[in-house]
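Each of the next two complexes has subunit A plus one other chain: subunit B in the first, subunit C in the second.
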Partner chain A sequence: MEKKLGIYICSGCEIGKSIDMAALEKVGSVSGEHLCRTHAKLCLAESVQNIQEDIKKEHLEGVIVAACSPRFFTKEFSFNQLTERVNLRELVAWSHEAKDADTNMLAEDSLRMGLAKMKSILSPTPFIPDQSSSEILVIGGGISGITASIEAAKAGYKTILVEKNKLGGWSNHLHKQLPMHPPFDYLEKPLISQKIHDVKTQEKVEIHENSSIKEISGQPGEFRVVIKQEEKETKRKVASVVLATGWNPYDAEKLTEFGYGQNPNIITNLDFEKMAKAGPVLKPSDGEVPKQVLFIQCAGSRDKNHLPYCSNYCCGTSLKQALYIRESSKETSVFIVYKDIRTAGKLEAFYEKVQHDDQVFMTKGEIGQLNLQGDRILVDVHQTLLGDNIQLEVDLIVLAIGMTPQNTEDLNLKYRLGKGLPELKYEFADSHFICFPYESRRTGIYAAGSVRSPMDISSSMEDACGAMLKAIQCAEATKRGEAVHPRSGDLSHPEIYFSRCTDCKRCTEECPFGTYDENEKGTPIPNPSRCRRCGICMGACPERVISFEDFNVNAISEMIKAVEIPDEFEEKPRILAFVCENDAYPAFDMAGQKRLKYSPHVRIIPVRCLGSVNNIWISDALSKGFDGILQIGCKPGDDYQCHFINGSDLTEKRGENIQEVLEKMMLENERIKTVFVEINEYDKIPRIIDDYVEEIELIGPNPFKDM
Partner chain B sequence: MQLITMMPETRNEKRETRSKILLPDIQFIKRVKKESNSDLKACMQCGNCTVVCNLSPEENPFPRKEMIWAAWGQKGMLIADPDIWLCHQCGDCTSNCPRGVKPGNVLASLRSQTIEYYANPSFLVKWLKKWWMLPVTVTIPMIIIHLILIIAGTLTITPDPVNYSAMFPHALLNSSFSILALLMIVGIVFSIRSFWKGMVKGYRLSGFEPESQSSVKERSPIKSGMTEKATSIIKTIWQVKKELLAHKKFKDCETNKFRHLAHAMVFYGFVALIVVTLFAILSAILGNYPMPFLNPVKIVGNLAGLSIVVGLLILIFQRLIKKDAVSSSNFFDWSFLISILLLVITGFFTEYARLVNDHLGYYWYLFHLIIMWYVILYLPYTKFGHMVYRFVAMVFVIQTGRK
Partner chain C sequence: MQQKHVLVIGGGISGMTTAIEIAEVGHEALLVESKPYIGGKVVQFSQYFPKLCPPQCGLEINFNRIRNNSRVKILTSARVNSMEGSKGNFKVQIMKKAELINSKCTACGKCADVCPVERDNTFNYGLDKNKAAYLPHEMSFPFSYTIDESACLRNECKKCLDVCEYDAINLDAREELIEKTFHSIVYSTGWEPYDAGEIALLNYGNHPDIITNVEFERYAAANGPTAGHIIKPSDQSAPKTIVFIQCAGSRDEKHLSYCSSVCCSASLKHALIASEKLKQVKILIFYIDLRVSGRNEDFLKQVEEDENVELIKGKAGKININNNKLFVEAEDILSGIKTKTESDLVVLATGIQPSLLNSKLPKDDYGFLLNDKLPEGIFASACASKPLDVSASLKDATAISLKAIQN
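Up next is the complex of A and B:
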């Protein structure tokens, strides 16, 4: 049975001046069942009030607001009934000629599409795990893990802290610690012992030392964790996980160019720190006090042959260690050869302090030949700030080596897609460090500290707080059945119509977040709270059995079919554009705000991700008579901007299948085009649209138009 | 001219000599820090100083490289570095340094240490740099002048009306001052010879090449005949002299426009006084001395003296007001400024006393002569020496093809 809808058309913000409102109202009133009203300013409190009264009085089952972009006035236009927004302002009135026949047709089609979609969607019913937990698992008892646990306990959440050895991690080896308090120019006592004491006295932290994770199964809200301590196994249920397993030093054995292993007096910064903690630093060869010490920065870092990235901590550490020497032996000189000194933020004050020491000498430079004969080591340094090459005679060399992330397979996830977290370019467990820090590609598992990105103690502590906040958010959102980022608050979730599922495994393979496990037969087993609601599985499914209540294959097909295609092609081609809601759609909004004009022959359907576009929509559109199809989404690749990681990649992959569809229909390849835009590239929108319309006009009309 | 042939012959030779183990001179660092009142070590080599300097050449500019050499205690490289003499200490670098390490002051300290290093005999500089050695350094010219007058027996001849030539006869004055000038020139020659040698050695050792080797060869007259060499260096000297006389470089300094004016007043005042002195000697020989007050030569002389006094007062005033922007002043700077000021002021007093026939004038005259000896005798060892060192360094720089 058809729902009774309330259709509200706003004529404010130039919409009324641009579009023939009477004609539009006629489209809305096509079915006498519905209520259709126009209003000069729909966002006013009293107009919103009127809609709410209508919902009650007229028993409306759905509301269509045909006004501005759904990105504005979200609070005003959220009713307790199913609501659909039709964007008449940014996408029609502001971006096309006023009082033009083509603009009117666009506005009418937009409303028709909204109406058609409304027919096939429902208010989503959230998935709420039966016995959701509020506890949070923290893996790794270093500075990050301990901080995360303490912060969670302070916020009232119980944590289970699992550490494979004893609490403290690398911090246990510290002699002194870089400044974390004003004036940021003196070394501090390591705070790890205090932190360990704090965490041990927290009631809300359950500590498992010398333990490992045997298994994690389930989904956010109800992760089932098995903790193993020797033979003893403990089972716990947690809502979310903070992964703070930290880092490993880069293997110094690989640094043969710096003579590691060839002379006992060439050591790493970690060796040095341990020596300093045990007593004064002495030469390992003879136990004498070193007279000239050289620190080689970026030893194996920012180097194509070793670690291509900067590990953040080594500059500060070497400056700190230079002070250890200077404090213990007044006649010892320290040389620091760096690629760049990177002491971000307040640490600059400490850098300046070390600089002031008369016997600390720093220069940019490239380490050349090392002459290891005898007790003294001769080091050639090239391209120094002192003018080309210099030669230093030293008796102790400290290599500042970088960080590599701990393997995330320690998580032992019982996921179809693997035990660990998928890694980025440099093997760090991050999803997108700019847009979504702490997020990994497994929902409910958040990375903190050096396992996420190389960092020092103060950054790790900050990171721990951030990741723990995300974990708490996840626990709370899951209890309400809401998605976590980026579709925060979305109550929909995918449902599978199993009787038609062919066990093709496309959804299980393509879901970037490992939502689906599978049974022996290969039938997908959904874990809805692992889902981020991107719809990539829906786009992947060849049988079209996956759907969301408010976003499904049928609804979009209905929208496509609702567009009125003019019979004559001349000057009236029709292009369908699937526009990603995350970046491309806002870019269209901005183009409208800037009053950039583009062809009115394009009909836009917003999608959750380009990955959610199902091939059936493409054949539907071509059969319907659309002359061309544009897919506009976020940039794929190593520096991807896709909010669901590989939606855009998948679109390119699926392009091959689409070409098959085109071949079957005997159509030109150019009828489907994929374009990637960034959110700030609104100025490119008119060119993208107009160029494509021109291209299609050259190819000519879709031969299926009249059929 | 032999000195020129000490220029490097080949690139390889340079490379070999350069790979020497680098050892920082910690005492030197401490000293530069103290003398320049600068946190020298905090220099982060950003190069702002070099960028804002209008006098710095494009190739291997200063003072960035001097800053790290100083921070690394590379005394050897710095005392052989002619670039520190290209600086006119306007303070542009110091006022634009983001770390506040005062490159201008550092260069000033380096210049003072260079003078000290090459001065021959070097103990004189050490004495002249210490305020508590002042009694000794002042007593030397005092004794010499008294000895001359006592031996001549004219010390007590103070006739009325005032006639200074009675106390210090012209013949004695001219001959003693000729000897004095000779002493000064010997001092300069000895110091400058080792300075030039040092620069040549530094040029060969330094990693910085003023220009590509080929163009240096083209420019420096290594392979050409003796006469060509001679004309080349004479040409250079002429060029530098012109530049210095015109105070062209000084004008480029931005932070401190007054400094240019003040220095010009002092400098041209001195030039005028030298000319006037020559006239005075001439007229003394011709028996027409002292000249009347309104004699054009006398007018020029008095105006020149006035110009020096005003210029010096501006310089002194600036050092007192803008302590850090201009430079940090130590005894080396102050003793130079004040001795010149006293020299001119006592000169005026002496003249005034003669005109009003005040017998105190004899004391002023004696005082004036003592300061005169102090200034001239010690010229190569005080800050006054900067004139000679700068001149030589500029000649060297042009000879090595530096732009």
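Up next is the complex of A and C:
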């Protein structure tokens, strides 16, 4: 049965001056069941109040607000009834000729589309796991994992901390730590023993040492974890996960060009740190105090043959280690050969201090030949600040080696898409987004510390707090049935009509977040709280069995069918544009704000992601008589701006199938076009639209128009 | 979960992030911003490094998160007046400036159309003019016009009053004192560019073609004073040579003795933008160390491979103005040779200075707030506590969110 709707049309902000309001009201009043009112200033508090009263008095089951963009007055126009916004201001009145027949047709179609969509959508009922846990699993008991557990406890959350060896990680080997307190120029006592003590005495932390993760299955709110300690298995249910498994030193055996392994007095910074912690620094060859020590920075870092990146910690560490020697043996001199000294921020003060030591010599330079004969090591250094080619004679070399991330398959996720987190640049489990450093493609699992990005101790401790906040947030959002970033708070979730599912696996393969598992037959098993509500699965499904209550195949098809298509003799082409809500839609809004004008022949349907566009909509539109179809979304590729990772890439991939549809219908390829825009490229909108309309006009009308 | 109420001071990208993250856990956050819009410095950036993507993309996600979450409240054009109490019970007085344009504004733009007064456009660092009734930028949030009190003619004019159909303008509006109680307080007060005028030898202010890195951002931005064209401000022509001076006032005891950690990557980004836009241009970057963090190394590689760009290890300490031409004096540290380079445009990579230099809260010698010395329940995040780039700031802003909701 059709819902009783309240349709509210605003005539303010030039809408009334641009559009024939009476004609528009007629469209809204087409069904006598509905209430249709026009208002000069719909956003004013009293008008909003009137709508609320109507909802109660008239028992409205849905509200259509035909006014400005849904990006404005969002909170004012949020009612506890299903609400649909029709954008008459930015997309119609502000971007098209006033009092023009084509502008009126556009406005009327926009309202018709809103009415049609309303028929097929419902207010979403959230998915809430039956017995959500509030506990959080922390994997890795180094400085990051320990910090995450301690800080979660202070916020009232229980964590389960799993460490494969004993607590402390690499920090256990530290002799001293880089400055974290003013004046930022003296070395500090390592924090780790205090942290281990704190975490062990914290009631809300359950510690499993010498343990690993055998398996994680389930979904946020109800991840089922199997912890393995030798033969013993412990099962726990957790809401979310912080992955803090840390890093490994780059394999020094590969650094043959720096003589590693060929002379006992060539060691790594890690060997050096352990030696300093145990006692005075001595030459491994004879146990004597070294007289000249050389630190080679970026040993295997910023190097295309080894690690192409900078590990961020090695400059500070070598400066620190230079001080160890200078403090234990006044006669020893130190050379540091670097590419750049990277002591960002306040650590500059410490660099400054080390520079003041007259027995520490630092130069930019390239390491050349090493002569390892005898007790002394001769090192050629090129392009230094002291001269083009110099030779250093030293008796101990310390290689400042970089970090590599621990493999995330330690998670042992029982996901169809693999055991670990998808790794990004240089295999770190980082977010792709500059603005959202913790974004994860496995919902509810957040990487922290050096497994996410190379970082030092103070940075890792911060990172642990950030990732833990996201884990806590996911736990709480899941309990409310809400999506997490970027559609935070969305209560909708995908539902599958299984009796028509053909087990084709598209949804399981294309979901960027691994929402779907599969049974033996290949039938998808949805895990709604892993879902980020992008609708990519819905776009993927050839049987159209996946839907969201408030965004589904039927609703969009109804919108397409609601558009009135003029016959071919009217010479008014109709273009359908699927516009991604995230970046392209705001660009359209801004074009409107700037009063940029473009062709009124385009009908816009906002979508959650280009990846959510189902091919049936395209064939529906072509059968209906649309002359061309535009898909406008975010940039794909390595530096993608798609908010759901590969939605735009999928659009390109699926384009091949669409071409088949076109061939079958004997239509030209150009009738479908995909364009990518950045959010601030609003100035390009008129050209994109007008060029395409022109292109379609040249091709001529869709022959299916009058069928 | 016991709901807490957190005050976040400063509505830049960090403060916004803290407020949203806290609210998405389920707590309440009030974001107080002194400007009429939130977003802070990043809305004035043309692109982020290393991806060269528009900051507005992430901002829009955050704006949406705010639109859809009733637990985040925003107070723009407001400042914290006073606070007392302790963790769990901070009583705070917030002064909301007189709202000449209130929340009824629909951003229809009629007030600006009729406003007769022009002012320096602060959004573009005064590089151009706009009206006294203005929309700060296309994506202003809240999406509302505002009136520059100091420029407005008030009751002598009233033209805007006559055209506003929404009763959104009140030229006699008074400031309003708001009192609220909070569990904790986060300072996300951010940074200001170091005043390049302090570095006498660089002659900033004495020639229009000596500009700072933040001004370069506005020239590079499509919504900037030149619609994205890189020009010599003196004659609006395209520069044939551009020199970037790194550490302009940074790592220098007379100015900022610390490293601001973003200026290297920012200048590399600017060099790529200039090279791409101008094609025929020679760009020199004088640096002490190239501090490009972590995995952005390939971004540095990209610049090294750009034929228009040359990176020179050397401290450029002086700009001579001779016959209205600019000559940059520098020492090439590797060769030891002192060079004099004529340049059409010189960009000074000035550093980050904390905004709250005059606060009585515990600070380090540089003026950054010290988290472990602040009273319990009060925190400083991102550039209020140390110089950071955007991504590191947001990591810090998220981390502080956890501290702010602890019991």
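What we mean here is this: the second predicted complex is superposed on the first by the 696 of 707 C-alpha atoms of A that agree within 3 Å, B and C clash if a C-alpha of one lies under 4 Å from a C-alpha of the other, contacts with A are read in each partner's own complex, and residues count from 1 in each chain.
In this section, a residue touches a chain if its C-beta (ideal position, glycine included) is under 8 Å from a C-beta of that chain, and two chains touch if they have at least 3 such contacts.
Predicted, not measured: the structure shown is a model, and the values here were computed from it.
Peer 1: For the combined arrangement obtained by superposing on subunit A, do subunit B and subunit C clash, or do they fit?
Peer 2: clash
Peer 1: With both complexes overlaid on chain A, does A:463 touch subunit B (first), subunit C (second), both or neither?
Peer 2: second
Peer 1: Where does A:364 make contact in the superposed view: on subunit B (first), on subunit C (second), on both, or on neither?
Peer 2: both
Peer 1: Now for A:378: first (subunit B), second (subunit C), both, or neither, which partner does it touch?
Peer 2: First partner only, subunit B.
Peer 1: Quick one: classify A:389 as touching subunit B (first), subunit C (second), both or neither.
Peer 2: first
Peer 1: Looking at the overlay, what does A:333 touch: subunit B (first), subunit C (second), both, or neither?
Peer 2: Once the two structures are laid over each other on A, A:333 reaches subunit B alone.
Peer 1: Applying the touch criterion given at the start, work out whether A:264 contacts subunit B, subunit C, both or neither, answering first, second, both or neither.
Peer 2: Touch status of A:264: no partner.
Peer 1: Kindly classify A:44 by the partners it touches after superposition: subunit B alone (first), subunit C alone (second), both, or neither?
Peer 2: In the superposition, A:44 touches subunit C alone.
Peer 1: Going by the contact rule stated at the top, is it subunit B or subunit C that touches a larger number of residues on subunit A?
Peer 2: C
Peer 1: Now for A:476: first (subunit B), second (subunit C), both, or neither, which partner does it touch?
Peer 2: Only subunit C is touched by A:476; subunit B is not.
Peer 1: Touch test for A:352: subunit B only (first), subunit C only (second), both, or neither?
Peer 2: A:352: touches subunit B and subunit C.
Peer 1: Give the one stretch of subunit B, out of 6-14, 42-50 or 330-338, that collides with subunit C after superposing.
Peer 2: After superposing on chain A, the stretch of subunit B hitting subunit C is 42-50.
Peer 1: For subunit A, give the residues common to its interface with subunit B and its interface with subunit C.
Peer 2: 341, 352, 364, 385
Peer 1: Subunit A touches which residues of subunit B in the complex?
Peer 2: My answer: residues 18-24, 26, 29-30, 33, 39, 41-45, 60, 64-65, 68-69, 71-72, 74, 99, 206-208.
Peer 1: Under the touch definition given earlier, write down the residues of subunit A that touch subunit B in their complex.
Peer 2: On the subunit A side, the touching residues are 333, 341, 352, 355-361, 363-364, 378, 380, 385-393.
Peer 1: Which residues of subunit A touch subunit C once you look at their complex with the stated criterion?
Peer 2: 12-14, 40-41, 43-44, 68, 71-75, 151-152, 154-156, 181-184, 302, 308-312, 340-349, 352, 364, 383, 385, 425-426, 428, 430, 433-438, 453-455, 459, 462-466, 468-470, 472-473, 476-477, 480, 484-486, 488-490, 582-583, 586, 590, 593-594, 634-635, 639, 641, 643, 678-683
Peer 1: Could you pull out which subunit C residues touch subunit A in their complex?
Peer 2: Within the complex, subunit C touches subunit A at residues 1-2, 13, 20-21, 24-26, 48, 51-65, 67-70, 104, 106-109, 138-139, 143, 165-166, 222-223, 251, 257-261, 289-295, 297-298, 313, 333-334, 364-366, 368, 370, 372, 386-388, 390-392, 394-396, 398-403, 405-407.
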